[in-house]
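Take a look at the structures below.
Next come two complexes, and both contain chain A; in the first it sits with chain B, in the second with chain C.
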Partner chain A sequence: MGRYFLLFLAAFLINNILLIRFIALCPFFGVSSKVETSIGMSMAVIFVMAMATMVCWLVWNFLLIPLKLGEFLYIPAFILIIAALVQFVEIVIRKVSPALFRAMGIYLPLITTNCAVLAAATESVKPGFFKLNIQYGYAIPEALVYTLGVAVGFTLAIVMFAAIRERMEVAPIPGPLKGYPSAFIMAGLASLAFMGFAGLFGL
Partner chain B sequence: MDVSLIIKATLVLSGMGLVLGALLAVASNFFAVEIDPRVERILEVLPGLNCGACGYAGCEGAAEGIAKEEAPITACTAGGHEVTEQVAVILGKEVEAKGVPPKAQARCGGGRGKVALRYIYDGEVSCHMAQQVACGPLLCPYGCLGFGDCVEVCPLGAITIGEDHLPRIDWERCRGCGLCVETCLRNIIALVPETSQVDVFCSSPEKGKAVRSVCEVGCIACKSCEKVCEFDAIKVENNLAVIDYDKCTGCGKCVEKCPTKCLVAYPKKDTKS
Partner chain C sequence: MIQIWEDFKSGLILENPLLRLMIGLCSALAVSTRVENALFMGFSVIFVLTCSNVIISLIRRIVPEKARIPIFIVVIASFVTIVDLTLKAYFPPVYEQLGVWIPLIVVNCIILGRAEAFASKHPVLRSMADGLGKGLGYTSVLFIMGTIRELSGTGEIVAFGAKLFYLKPYFEPPKIMVMFPGAFFTFGLLMGLLNWIQRREGR
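What follows is the complex of A and B.
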């Protein structure tokens, strides 16, 4: 249990996907102008990431590794899976829950090409891929916990960032810094703050 | 180079593509949503501005509402009469008598330099914000603040704020959706018939003396326009001249007579300042 908690924490805070690793910057700046839209995007990301990782983990362990194709084919294969999966989810949601479709509908196609989802899927089969190459594979519950950590970390960062940006809208900022410039500065400062988590519990 | 590896990789990827494609095809059939074809056709004729003046979140919602007959076929004010006609054709309904689409008119002539100021406002450029600070920088509590909340809300970009801090409404672009009317916190903007030729550029119901003390161009309710009008088209009500657009012929006599020049005649369809 403690291992899962640490795994979650590592993905959630210490290696926060947006603020520490700077993956998925497009939604981080694109849909963070309002808290409402950022929450919608985050919910879609949590949902898609968990599903995509599960499918990618299965494909990796039962298709790519037995055929010895994993080392070079994982990126195109995962992109294919994620894109098809998002489309599939969109079709199903539209039928099953029109209300959910209306709330999440615009964000789902955006996620098709989201690097955060690919990063989470890659890391769940190749742990520590973006930092150090550990020869270790997650079992499926570990992969799920890890992915949820990444997705919730995404939610935390983007919602927090959107809240700050909403306040910045009405703040007296020098003209040239209004909008994106100040958002980038803020992202840097938030990133610095998150670096403070490094070393927590020896992670 | 191991050729079999290349072939294997190609086969695996194309096989995955095939399986996923087949899955999607099956899913889209299995989970097909029956969409009312009229919704799509209505959506095509709607302006697609997503302005929200109809009360729905966007044109898509409006199209659905109109098709389900939750909303009248005239729901789209921004599209005006042409859209109503096209929607009526799609739904097989009769259009009621054609109404002239109204245009927005900002009824205040008290730009900077003409109206007395209480202080210089140098905060967030927003009428609502300025109003929070001692009821705005103008001494006239009915005058246009000129910080452009109406500009922000106009989905057609028809409104600009001139150098005198007054809104100019481009009637070529305005479709009379009325979003600016709702937004203006001082209720200066009104919808007037497109055919109107003279208007009162003051919204202050104060008595003449009070108006004159704060603004050079306010309506002082002197009633000289009422006396000079041959068509009984202008009346002073509640200390403010009110024009009956049906009766007004645009002769311009009241404009000549008006001592404070708050009555302005404008060429038809012209933007007026």
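What follows is the complex of A and C.
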């Protein structure tokens, strides 16, 4: 149990995917101008990410490794899985829950090119990409916990940032720095704060 | 001919993928810690972008409209795999540093974005010029950021085994510049600078 908790924490705070690992910055700056849209986007990300990691883990361990194709085919295989999964999830959600579809429908196609999904899937089958202190391959519960940590970390950062950006709209900022430049400097400060978590529990 | 030159030129400043279109940010911020890394990443992106633009432009008439995204992604993923394995075989130290960012070129929005917005609608030569221009725009921003960050963060620039600048005796380098927050600060200020210059010119 303790190990799962540490794994979650490592992915959630210490290696926060947006502010420490620099992954998925495009949706971060793209949709984080309103709290509401950023919540919709992050719900879709949590959902797709968990599904994608599960499927990629199965394909890696039961298809690519036995066929000895892992090194050569993992990039096309995983990205195709993610693209197909996003389409599939979109169709299912539209049928099952129109309300949910209205809430996160427009964000779903965007997730295909969200690098966080590919990064989390790759990390959970080929640990060591993010240089966490883990030398063994993940079993499926660990892969899932890790991915959830990544996705919740994404949510935390993007929602927090959206709230700050709503306030910054009305703040007196010098002309050339208005909009995106000041958002980047803000992200730098937030990243500085998150660096304080490094070394927590020796991770 | 003039048209091709225009396509090439637009990527450098007016439609610079990083500073103007705001795509492909994640990798740019993450790998610009050192000039050498920035150059390797930049050339990888130029290679993938140009090749995939050419192939997609060649097949643009036979690709069915509905299946285009997966087809484009497979084309891009093949070139990324070439870069991935080449760097791993011939430049292991660089591969060690760039790590996860090479596979993530697949989901780099610049490449899919150009395939979708330009190469799938234009003839081969123009697509090639567009790919080269956008790739060069990306590389030059990466180079500028790498120079600023390496010089201010470590006090020296070491590229390909040669020491190009050495300013250590003159100031105590703030280490934060080569860490995560430094990337956000540098990029935000660079963007602000470009805004300021354009504003002055427009006046």
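What we mean here is this: the second predicted complex is superposed on the first by the 197 of 203 C-alpha atoms of A that agree within 3 Å, B and C clash if a C-alpha of one lies under 4 Å from a C-alpha of the other, contacts with A are read in each partner's own complex, and residues count from 1 in each chain.
Note that contacts are C-beta pairs under 8 Å (C-beta built on N, C-alpha and C of every residue); 3 or more make two chains touch, one makes a residue touch a chain.
This one's a predicted model, so the numbers in the text were calculated from it and none came from an experiment.
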item	value
Touching partner for A:Leu80 - first (chain B), second (chain C), both, neither	both
Touch count on chain A, higher of chain B and chain C	C
Touched partner set for A:Leu192, first chain B, second chain C, both or neither	second
First, second, both or neither for A:Leu69, with chain B first and chain C second	first
Touching partner for A:Phe88 - first (chain B), second (chain C), both, neither	first
Touching both chain C and chain B, counted on chain A across the two superposed complexes	72-73, 76, 80, 84
Of all residues in chain A, those that touch chain B in their complex	59, 63-64, 67-69, 72-73, 76-77, 80-81, 84, 87-88, 91-92, 94-96, 98, 170, 172
Chain C - residues contacting chain A, complex	22-27, 29-30, 69-70, 73-74, 77-78, 80-81, 84-85, 99-100, 103-104, 106-109, 112, 176, 179-185, 187-189, 191-193, 195-196, 199
Complex contact set, residues of chain B against chain A	5, 8-9, 12-13, 16-17, 20-21, 23-24, 27-28, 31-33, 123-124, 129
Contact set on chain A toward chain C in their complex	19-26, 29-30, 71-76, 79-80, 83-84, 112-115, 118-119, 122-123, 129-130, 175-177, 180-185, 187-189, 191-192, 195
